[in-house]
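Here subunit A shows up in two complexes: once beside subunit B, once beside subunit C.
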Partner chain A sequence: MTRYLLSRLGSALLVTALASIGIFALIRLVPGDPVTVLAGPDATPAARDAIRAQLGLDQPFWSQYVHWLGDLARFDLGPSYKLGGDVGSLIADGALNTVVLTLFALVLAAVGAIVTSTAAVVGDRRWLNSLLSGLNTAAVAVPTFATALVLVLVFAVRFPVLPAGGTPPAGFFAQPDIALQYLLLPGIALALPAWAALTRFLTEALRTQMRQPYVTTARALGIPRRRIVLTQALRNALPSTVTVLGLQLGTLLGGAILVEAVFAWPGLGRLVEQGISARDYPVVQVLLLLSVVVFVVTQLATDVIHAWLDPRVRLNGVS
Partner chain B sequence: MPESPVLAIEHLAISFAQPRPAVEDVSVVLERGEILALVGESGSGKSMTARAVLGLLPPGARATGSIRYDDRELLGLDERALDQVRGARIAMVFQEPQTALNPVRTIGWQLREALRAHGLRSRKAARERAIELLRAVEIPEPERRLDSYPHQLSGGQKQRVVLALALANEPEVLLADEPTTALDVTVQAEILRLLDRIRERTGTAIVLITHNMGVVAEIADRVVVLQAGKVVEEGETRALFAHPREPYTKTLLASVLRLPEPADVLPVVAAPAAETTPAVEFRNVHVRYGSRRRGRAFPAISDVSLQVAPGEVVGLVGESGSGKTTLGRLAAGLVPLAEGQVLLRGTDVLAAPRAERRSLRRGLAFVHQDPEASLDPRFTVGASIREPLDIHQVGTPEERDARVAELLDAVQLPASYAGRRPRELSGGQRQRVALARALALEPTLLVADEPTSALDVSVQARVLELFRDLQERLGFACLFISHDLAVIHQVADRVAVLRAGQVVEEGPVGAVFTRPREDYTRRLLDAVPVPDPNRRGRRVRRVRELAS
Partner chain C sequence: MTLDVSLEEPLSPVPVGPVPGDLAPERRDSLLHALRHGRGLVGVVLVATVVVLGVLGPLVAPYGPTEQIKGANLLGPGAGHWLGTDELNRDILSRTLYGIRVDLVVVFAAVPVGAAAGVFLGLVTSWWTVTDVIAQRAFDLLLAFPALILGILLTAFLGPGVLTVGVVIVALEIPVFGRLVRTSVRTVREMPFVEASQVVGAGPWWVLRRHVLPNSLEPLTVQLAVSMSVAVFIEGAMSFLGLGVRPPHPSLGSLIKDGVRLLHEAPFFAVGPLAVVVALVLGLLLISQSLAEARRA
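Showing the complex of A and B:
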């Protein structure tokens, strides 16, 4: 197990290193550059060159990259170009908001998927299956910003029961009930596609499990079907679902950018969006790298959970 | 004394959307405390009949007729009412112990679930009862086993656990669907003994579904023979074996392969001339599985030396895990060799240059156990047989087509079958196709890994006959792997008995099977059920003696 983890750790580091190069190059390939944004359209070539030199953008690509890595290693994220202030403190300000929102959506998607798919398999009525599969397709097909806007229109404008946007004024932990009201709409908007994808996967996994011989054994013993689904099939279907859940985190991270924009949620997603618009390289680079790290760590964690859920892997170390 | 039967099935018919019904007309009566064998080949409807009793038919199946348990009609009951019967009154044991248990729950948990389903809620009482049950099915150290997961048990132990689950709520009827088919002969003998003892102790009536006449002779009181969804004959076991009335029953009994009696004097097969280069030779080979760095390497083959002369059929027998399949795969270079040498026609395969290795391997072919899995379902039969010819670019395309027709003819299939797909063929026909494909390149060595284990006895008999015939005609050498000693006796010239990766005994088949030198070989031979009810007691005693 430890050996397996160490080998996975090596590949995780490699992925992160490659991603950092990719991110660094990619943002420089985006048309427009920070010099134009900072100097304005009417600046003289001399002024532009001065700004370029000041930002270090006149250096060769690899020199800029190595410089950046050096700064990262010292946890010196440096000042932002345009957004104002230190990159580190910008991220620190938004991090909590985004972490709370994403985790809330993740839990919502996971719990929601378990509830809907077990209901579908336990109930196993034709109308229920068609209904769920229809809703499922809709939830995957409709883009996140559209569901977000519809949710705002319905629950904040037409029936003003929930706040239309912003974060809870007293913070998340002082008044959890108020915080929940603020989290609900952006959380649902963000969770919906992941919820639908997970439900589809888990339902199919449960159905496959219900065709396994051990389920026939259990049925022949007179154990009610509902109990077999809940205590046996679900337990067998979960390991592979955890892997999919880990992959869905990517959807959530991507979705956060749109959802935070719609709900005026001052998080990292909004910071990325502003950073890209302003070609604020230092901000965008670090944020994208951060999301890669989060994703890679999640993959590692899902592997560990997967192994731990399956006694054949846990006890024998074979996979 | 005419007591009412515990289970009465009358005019049961089961149909699917397909044209032919799975079960057409089956009436069976089970008396209290008896062991009734339901015999028939695949497709005869024996498993469906048993499943219908507990309402466990696959979706889409419709059953009509009547199934009465203690004068209570079971057919048409809803799930809730069936759950009261399942496990509590009538329980079922399945064929494949590897998959019949939930892999992620402990044995104790699964037993507790079975008890809980019929009212035993207290954890402490359930634990005690679970230990008692594991003891009843003769599992050593039951307290410790409660915390084990299924993958930590052997196949035989898993089947005992499945049996313990079925017996948890003291059912009056036990339906056992091929309970020993997936097990080694020695384990099979133990499980059969256990079933008999359970019947004696608890008075549970047992319906034993099997295709193995040896098993029937061993344990059943009465026999019902099914063919294509209908009962063709039934009777008391001894009488039925002595005087079968129906031709189908006679065929079934006649297709059972028998081992030679120790008294039979067999002519010693002349040993092949020693000077010829062997088709394959293993020289002190070792195979290890698992990582060697961690010191956990598991020796699958240890220090085996074996030769197969050209045109000779060498049988490899042994229990599961004895390394017989590994040795077969080693000949084809499909498993990494840890130590030793494998020589094909006198050339060390691994030391040979790439081009030569390729031509050496061209002379080698494989037939696998499961023809359903080894033929590509999207390929036509002709394309499957042609593939090796295409890969090695033998002749012109027209010549290849002609060769396919010739090969189909050799395995006694009409040339028109070339256009069919595997699913349109029966199991026996599929295995013939696999054989034709293996022979396409005129191999000097054929590795056949349990080629008839998935087939019915009557089909098996015909395929073996064909195999022998082809082997004599084409003269290829063969490594024939089987757990079935009677099959090996039928086809092999020499036999090597494997145990835990080592050859324990080797010699001409007749000699080894009639006068085994090793205890292990004797135990294997004794565990083979003999299709003769009159010899029941004798054999069991010997197995017990040898096991102790």
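Showing the complex of A and C:
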């Protein structure tokens, strides 16, 4: 297990290190100069040089990069160029909103998927299967931004029962009931495609389990089908589903950009958009690195959980 | 008389029909069969309908895509304008027909280009350990960026437009197909018939081209259909965020965006473009499902 963990950790660190160099270089290659953005069009060359020196942009590339790594390690990210405020606090504010929304959607999708796929396998009626498969295909075939907008129009405009957008004024933890109202619509819009993918996968995994000899034995012993699914098959079908759940987290973060745009949700997705159009290097490079780190960590975590749930993986060292 | 047969001449395997143990040829028929029946057929019909509408668009569209018609402001669906008109007096049916063409370019040009590049890179690099490690880490790196973040970043370089959407999709598909083909290389090269082929002198190229590629066509075809449906979404999402096709030119994504924005004033605006998107994605999904099912059978 230790050897398996170390090899996974090594490759995760390598990807992160390469990504940090790539991002740092890429951001500096984007056409448009932050000095121009800051100094305005009629600044004198001397004033521009002063701003450039103040931002450290006159230093060589590697020196800037090492400097940045030092800042990252100390969590002292300095002021943003253009968006106003400290980079660290801008990102912390956005991150809280995005993380709450994404986790809420992930829980909705996972719980929904477990309920629908066990219902499909336990019930195993033709009409139920057709209904679930139809819902599933619909959830995949309608784009997220369209679902999000339709949800707003139905539940916030036509029948004003839920807020049309924004984050709860009192924060997420002071009044959980109000916060839930704000989270519900964006959460559902974000969760639907993930729910569909998870349900499809889990149903298939459960069906595979139900064909195993141990299930036949259990049936022969007279244990009801429902109990076999809930106590045996579900537990054996979950490990491989965890891997899919990890991949879905990446999709959810991508979808969060769209959902945040529709629901005026001040999260990281909006920050990336604003940061790139304002050439705010310090904000954008940290955000891009953050998205890579999240991806690498979820991959690592799913591999570790998978290895922990399934001894064959950790013993053979294959995933 | 001198013997002019040179023994240094490398032995090359002679193609003599299917190699014993090679599963590729017989299974290809079952994929075609899946597309001619049931769900697969429905998918093919849906996609073909959208393609025909897009290709014939300029011939059948009653108006130009950006043509403004006097006195036709936000009309509902009617005899003159089957899908109604928008807030700038443009015929929505015509705009939808022209908008399909953007998605056709993205789905049937960008995705195959990205897939071909990914398959090529994956095949070439996965044979040798050093190139394999480098390529796989590079693919990991590309996959680590969520699709839309990659889109926003590339738009900062290239500016918004159809070309940018295409480049984003190519960049997204390369690692997906590169990884997929690598799995095939790893599996197929261990098979006995490949070993037999190598014994009679087949080099890496021969094995990759004649054995690995035919045997990985199935998973690749399924992934191609999935990737095409994802591409429709990415075009929509990018146009929705203002990174795709520039107004006033239509694309399905920007039409849905306008339609849903005006859902109060013109409830039927979004119906046409949304139906086309759903038909296209649904068709591609059905195709991929039926292909995946035929593979397992």
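A few remarks follow.
Just so it is clear, the second predicted complex is superposed on the first by the 255 of 319 C-alpha atoms of A that agree within 3 Å, B and C clash if a C-alpha of one lies under 4 Å from a C-alpha of the other, contacts with A are read in each partner's own complex, and residues count from 1 in each chain.
One rule holds in what follows: contacts are C-beta pairs under 8 Å (C-beta built on N, C-alpha and C of every residue); 3 or more make two chains touch, one makes a residue touch a chain.
Bear in mind that the values here come from a model prediction, so they are computed numbers and not experimental data.
When both complexes are overlaid on chain A, the residue A:Gly78 reaches neither subunit B nor subunit C. In the superposition on chain A, A:Gly165 contacts neither subunit B nor subunit C.
Once chain A of one complex is fitted onto chain A of the other, the partner contacts of A:Gln212 are limited to subunit B, with no touch recorded for subunit C.
In the overlay built on the shared chain, the residue A:Pro266 is in contact with neither subunit B nor subunit C.
In the superposition on chain A, contact of A:Leu14 is made with subunit C only, not with subunit B. Measured by the number of subunit A residues touched, the leading partner among subunit B and subunit C is C. By the touch criterion defined above, A:Asp310 lies against subunit B but remains apart from subunit C after alignment on the C-alpha atoms of chain A. Of the two partner chains placed by superposition, only subunit B is touched by A:Leu221; subunit C is not.
Of the two partner chains, subunit B is the only one that A:Thr231 touches; subunit C does not reach it. Residue ranges of subunit C in contact with subunit A, taken from their complex: 137, 140-141, 143-149, 152-153, 155-157, 229, 233, 236-237, 240-241, 253, 256-257, 260-261, 263-264, 270, 274, 277-278, 281-282, 285. The part of subunit A that touches subunit C in the complex is made up of residues 11, 14-15, 18-19, 22, 26, 29-32, 137, 140-146, 149-150, 153, 157, 250-251, 253-254, 257-258, 261, 269, 272-273, 276-277, 288, 291-292, 295-296.
Considering their complex, residues 54, 56, 79-80, 82-88, 91-92, 94, 96, 99-105, 113-114, 117-118, 149, 151-152, 162, 165-166, 168-169, 294 of subunit B touch subunit A. Subunit A makes touch with subunit B in their complex at residues 3, 212-214, 216-225, 227, 231-232, 235-236, 309-312, 315-316.
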